[in-house]
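Chain IDs A, B, C and D follow the sequence of writing; residue 1 opens each chain.
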Amino acid sequence: MTAIRPAKSARRTVRGGDATLRAGLALIGLVVLAAVVSLWWTPFDPEGIFSDSILLPPGSEHLLGTDSFGRDVFSSLLRGAQISLLVGTVAVSIAAVLGVPFGIVAGMNPGRLDQFMMRGNDVSLAFPALLLAIIFGAIYGAGTVTAMVALGIGTAPAFALIARSGTRQIMSCEYVLAARASGKNGLFIGVRHVLPNISGMLIVQASVSFGIAVLAEAALSYLGLGTPPPTPSWGRMLQDRMPRATCSSNRCSLSGRESPLPSRCWASTCSVTACAIDSTLACR
Amino acid sequence: MVLVILRRIVVFATTVVVASIVTFLLLAILPGNAARIALGVQATEADVAAQATAMGLDRPPIVRYLDWIGHVLVGDFGTSTVSRQPIGPDIADALGITVILVLTSVVLALLFAIPFGILTAVRQRGPDGAILSGISQIGVAVPGFLAGLLLVTLFAVTLRWLPAGGWVDPADDFGGFIEHLILPAIALGSVQGAVLSRYVRSAVLDVMRDDFMRTARAKGLGTARALFRHGLRNAAVPVMTVLDLQIATLLIGAVVIERVFSIPGLGSLLLDKVALRDLPAVQGIVLVLVVFVLVLNFLVDLAFTVIDPRLRSAS
Amino acid sequence: MRAPTRRTILASITATLIASLALVGCSTGTASTDGEPDTTLTVGLLATPGNLDYTTTAGAAIPQALLYNVYEGLVKLDNDGTIISLLAKSWTVSDDGLVYDFVLNEGVTFSDGSPFTADSVKFSLERVKDNWTANGPAYLDPIASIEAITDTDARITLSIPSNGWLFNMTGPVGTMFTEAGIADLATAPVGTGPYTVRSFKTGDSLVLAASANYWGEAPYLTDVTLRYFTDATAQTNALLSGDINLISGISQFQLVDQFKSNSDYQVLEGASTGEVTLSINNASDAFSDVRVRQAVMYAIDRQAVMDTVSSGYGLLIGSMVPPTDPWYDAELADLYPYDPAQATDLLAAAGMSDLTVAFKIPNLPYAVAGAQVVKAQLAEVGINAEVTALEFPAVWLDEVFADHDYDLSLIMHSEPRDVSVFAAPTYYAGYDSPAVMAKFAAADAADPAAYVALMKEATRTMAEEASANWLYLQPAISLADADLLGVPKNTPSLALDLSTIAR
Amino acid sequence: MTAPALSVTDLRVSSPFMELLHGLSFDIAVGERVGLIGESGSGKSLAATSVMGLLPDTLTATGSVRLNGGDANLLTADERRLNQVRGNTMAMVFQEPMTALNPLMRVGAQVAEIMTVHRTQNGRRQAQDRAIELLAQVRLPDPAQAALAFPHQLSGGQRQRVLLAMAMANDPQLLLCDEPTTALDVTAQAEVLGLIGGLVADRGSSLLLITHDIAVVAQVCRRVLVMHRGTIVEDGPVGRVLAAPKHPYTKNLIAAADLSVVDDRGRLRTPPAARTLIAPSRIEADAAPAAILPPYRAAHQRLAPGGPPIVFNEVSGEPAIRVRELSRQYRRPGGRLFAPKPIVHGLRDLSFDVAAGQRLGIVGESGSGKSTLMRILCALDQPSSGTVDVLGQQLGGASERQLREFRREVQIVFQDPMGSLDPRMKVRDIVAEPLQHVGRAEMRARVEAQLAAVGLDADVMDRHPHQFSGGQRQRISIARALITRPRLLVADEAVSALDVSVRAQVLNLLAELVDQYRLTLVFVSHDLGVVRHLCDTVAVISDGRIVECGPTGDVYDRPLHPYTRKLISATPSMPDLAPRSAP
């Protein structure tokens, strides 16, 4: 009997992607740290009004200067991380909860049911997240919750498609046949065999959707449909800054009341980190 | 082959009807009284009530739906409660503008994504592979309106090469049309290009692992020729699926760029009409959008059966 | 070489980039540098008109474009708010203030060539009562009868003397129409004004062209394009990049400093008729007690609100009257100085020391910014204001304006001389004061001298009873190319009067 | 002495972690046909791909590879030089024909491409015509039509012929074949091997044939190299190596491959290092097998049209499996909108019995319907018509609740060790899956016992399938099948995916357990040798019909039905090789 030889590991060792993986993880860590820290401490109150310190340039006291309400940009950034992480997580989980079971059931019942569900998926694909956000915004009033629900429902069809194609591959494997032969019903096979095996694909899709959700929240805030003030959100911070960002230095003199271009674009780098989150997991 | 198309058309028609019902129901529950908005602040309650009946807002939903769909089928999208003009022409103009903008940006995105995606896939091992994929990740992370804004600041405000926004109808002044199209198309295209290049990269990587590529190289084709003669066509299928999804979301997604460049596209029209609770217009726009997306999916499906012979025989 | 010939791939990328840059390279200078003067003008505006018929569609955007430019009335307001003659050369008023005799200019024609006579006056004004559904048809209620004495003489008899009536005649209700033009008012307006509408695309642009058969002195500008923006930043970018020459009524005040310090542009500061008001629901249980309302007046530092929301631009006011109105009373601005201590005392006296109120605001930039400042200041005196942003116009009109389901709100009242409607029983402020309404009616019917005094009294009572906290007057700031002359500074009326602009 | 067609000296291939080929050196003379044998993981494929210069980027090769005495070392040559050689002077045919052709391009165009690339035909028109000639040479039916077909419209065997035609298009001096027939049916394998031999002989090219099947090498090659763990352990003429192998590894390999040499208890000789199984006691079959009534052998289903159906292997009394007139049809997708879709006959009214304790082998090529039959017997598929009684349970239309008891009685062992175990589950859960309503403690104990019964120790329980070799995974699969003490075991190609040496151990284990648990065995396979060794009765199935059935010895020695005869002659077997291998 040959001794138990360790078979060659199936997981592909990550070589080329190491650099981006480490960079991505570092950025995620930064964002999560910011969100957690801001839960109970921020240098200044990001929602207060300080009419005496309006639009200060970055300096010792205010690391990144202040906004038009005199609020410290750095603390708004920390607090804004919470919103972005919240929007990303909730939107992706709604999409997963709606999309994945739908996809698995469609995948496990090829033929008429599958065709019927796929047509349903087509209809939901025709209502992109932004359209839903506009309509829900009008119905329930613009806000973080409406934005998250709209993004969640908007991305659910993508999860359904991924889950369905994964399930169809798994259903052709012999261990599913073995499970059916030992009398296991559809639910058991779905939960015990299909779900664990397609979880890899779902994680990749989740990370991609997370990045897109954070960016969509920024776009919604730009359109006035995202998180309402005074809670800080990166999207709206970017939008508030834009007027000054357009006045590039050589066209008009930098009067004392302006915070220079770099700090204003600092908020945009945050959305870059948000998207790095998706790149790290997706690049493997 | 004819059967395949026939069955697809039947399925397509039912999907459109279902989509129209969903559209109507979704919008029927919008709060806010369209009549009061139309008449403005000074209107008395009596005026508002009279206007509501005039607009037929008090009829039961089923009647309103059938009335609306009945007219739409003959091409009459009804009149807007705000401008009291037929909505059809407005929607057609806005759709035309958005389609031109989206298609140009997608073409630009492909011009960038295909070579860039192939390069990052082929050079995956090398250090420059990591740098290139890093760039594409940055591209994905930049929000659309920021890209638009930076372009305006540079080209329009500082260099004054291009107009900062607005739209010129190609029929009137083609030169002006091009000038007004460049910046928004680049802004929209750059973000899509970055996203597309990542999908092209993963599709090319998958294809290079296929056996027939090894056979091609065993036949004496270099890696590049093997990729161009055999690989790209096989990689086209997954990329087209992503493209289809992207264009579908862009039709509305472009509203952000439309706002930054003040272009009267479909997305802006929808936002304005929803704010004014111009229900007939909103229903018309959403229906046109939904049908356009379904037509797009239908065309991409057909393209697949053309590209992949294996799909031709099966249903 | 293992990789595909890198040269081919890199070459293709650089090729595409060069191509697009070459296309860009053909820069097109915007300003035409040839000899004769540039008589075109492009104006950037924010609110777009739904259509061109302000007899049935509300909103300030339509009169802004058409009033005095396309449609003209018998009289008009000049930029300082005084009533001057227009289609009527002159007019006389009878002693009892009931009979107005207008002498019309001769040889005046509409843009479609049809003559303008007293009959047109009779037709247009009589049509208002039963055909108009927007822009205040009630303004012409005092009119009893209109007679066309001769082609150039029209007599209008009022049922009761009304000082405000003639002012209202300078607005949309006083404008003249042709019978033929009534059919398609929404798309092809026919007026006696200096311009006609060449093209209009909602949400995009409205192009005005100088009318061939204008009766008066031909305007300097031959064609004017009004470009409509949804995003204020895009508007300012358009000005910076030379796409447009004038922004009338900017909303992003934080940019004004930059343009002041820029020699290519000029900044025009004037008075508008938009009072930014912290409206108080006098009928709600929280604010039915006048002491609580006065506490709100003392609790708010109006200067701080103005500094934050409009970067310090604007005019502190104490009542709903802009300086361009004759009965403007500057002292009212200091009636309630910022005094949080007194506010807390008043609240304690009224037994409302910790009070929670519904602060429902429209989701407009100035309201959202202002509400955050007001909420912070109210919190200091123990009033917890729960801010909810409602979608404007739809949901705000319903909940606040129609159903009065609010305690506090923050809205700008932009119509000229809208103070008299404030005390009406059904008005959303809930300040049902028969005394003040009687005073307004008396003022309107009184002789001109008494008219101003009575109006002053009425507005002073409203201010003293803290019916609402009028924070400040929205500044009318316009940005224009340096070489533009005669750009209107104030906005006394709804119109953007183009007749005075030249280069 | 002309220069050797291929000379490989000190070829070493290493990955970043370890060296895989440890200095191979061998020459192949012009026109010589050499076989390269070794088990999976021995590095034989690596040798071929490094000669062709197709190693993946992660592996690096050193040493020298020279073609017909040329000075250029292919290992260090640049891509351009290699491209001139590949497909021209040397060509290669790969193992998996199903994926080796570009699915989106017509077959003829892909064959013509190899000629246009090397400009051995001036112009596309001539290349296309030459391609059709080549397809004719590899005996494809209607070559002109085949040239226009797409790969998915051809069978596995036909695609391998296309690849062969492609490889031979430019008359290469050296042809490398990496397991060319492993994925094919027996009959297709025989034809392709014949073609390879023929084409190579016509063109006088030399051949390097890589395979794990000694019989294939014996049939085609004159010299054989045996590889084990990255080194060549034996090199010599085929006859000498088979008759008197020098290296111990070669001895074991040959012994394990020859299924006809058995000890007294009918077990194969397995390499000495095999662990002894638990107390191999001689189990007397206490219940005499139920009497089997003739006629159990007949050339075809019904002697007289409309007459009573021939029941194969009829058993008086209570058989374990009783099948009468079983048919199964499928509706193929496609077809016109209103015309009924064309019907495919999976099975055509089969009637046969299987006695309790009997070991029935079902032999047939892919597409013959043997898998469909297996699935119906295990109630995984419903018959279209006819009756199927297994262990007293009527299967036609039975609901899942009625089958609860049946499910414990019947278990399956599958073919693909990789695919039959859920990669995300631990071994303990996999083996325990068939158990129902069993407490955790009892489950753990039974799993441990069952694993021991298949020769795996307890610490295996908490590992995942990817940590085991093919043979071990098949043992786990067997343990899962036997945990519920079934009375009927169905094996679907249970050993086809295993290496020769491991196959012997698993077959012994199966035989041992079938005896020990007194199981009825239904063994489905395309490998006649394995069925002959394991089963006492065999049924040959072709195109949905049983064409012949009877005791294994009788059917193999005196086949009645022409199809059976063709099958048996196509299977290269060991014993008659020795005399024929004279040089």
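Note that in this section a residue touches a chain if its C-beta (ideal position, glycine included) is under 8 Å from a C-beta of that chain, and two chains touch if they have at least 3 such contacts.
Values in this document were obtained by computation on a predicted structure and should not be read as measured data.
Asker: Farthest from chain A in C-alpha centre terms, which chain would that be?
Answerer: Farthest chain from chain A, going by C-alpha centroids: D.
Asker: Give me the two chains with the most inter-chain contact pairs.
Answerer: Comparing chain pairs, contacts are most numerous for B-C.
Asker: Nearest whole angstrom, what separates the Cα centre of chain C from the Cα centre of chain D?
Answerer: 86
Asker: Indicate the whole-number Å distance between the mean C-alpha point of chain B and the mean C-alpha point of chain D.
Answerer: The answer is 51 Å.
Asker: From the C-alpha centre of chain A to that of chain C, how far is it in Å?
Answerer: So the centre of chain A lies 42 Å away from the centre of chain C.
Asker: Express in whole angstrom the distance between the two chain centres, defined as the mean CA positions of chain A and chain B.
Answerer: Here the centre of chain B sits 21 Å away from the centre of chain A.
Asker: Show the residues in chain A shared as contacts by 2 or more other chains, in ascending order.
Answerer: In chain A, 138, 242, 246, 251 touch at least two other chains.
Asker: For chain B, jot down the residues that touch at least 2 other chains.
Answerer: Touching at least two other chains: 30-32, 125, 149, 152-153, 157, 222-223, 259, 271, 275, 277.
Asker: For chain C, give me the residues that contact two or more of the other chains.
Answerer: If we look for residues of chain C contacting two or more partner chains, we find 2, 233, 237, 240, 391, 394-395.
Asker: Write out the stretch or stretches of chain A touching chain C in their complex.
Answerer: The touching residues are 48-49, 51, 54-55, 68-70, 137-138, 141-142, 224, 228-230, 242-244, 246-247, 251-253, 255, 257-258.
Asker: Spell out the residues on chain D that touch chain A in their complex, using ranges where they run on.
Answerer: Touching chain A: residues 273-275, 378-380, 400, 403-404, 407, 410-412, 414-416, 419-425, 430, 433-434, 436, 455, 460, 466-469, 471-472, 477, 480, 484, 502, 505 of chain D.
Asker: Enumerate the contact residues on chain B facing chain A in the complex.
Answerer: Spelled out, the residues of chain B in touch with chain A are 11, 14-15, 18-19, 22, 26-27, 29-32, 124-125, 129-130, 133-134, 137-138, 140-146, 149, 152-154, 157-158, 198, 245, 248-249, 251-253, 255-256, 259, 267, 270-271, 274-275, 277, 286, 289-290, 293-294, 297.
Asker: Which of the residues in chain C end up touching chain B in this complex?
Answerer: Interface residues on chain C, with respect to chain B: 2-6, 8-10, 12-13, 16, 20, 23-25, 27-28, 30, 48, 50-51, 53, 56-59, 133-136, 138, 186-187, 201-205, 227-231, 233-235, 237-238, 240-243, 391-395, 397-398, 401-402, 415.
Asker: List the residues on chain A that touch chain D in their complex, please.
Answerer: The touching residues are 1-2, 4-7, 9-10, 173-175, 177-185, 192-193, 196-197.
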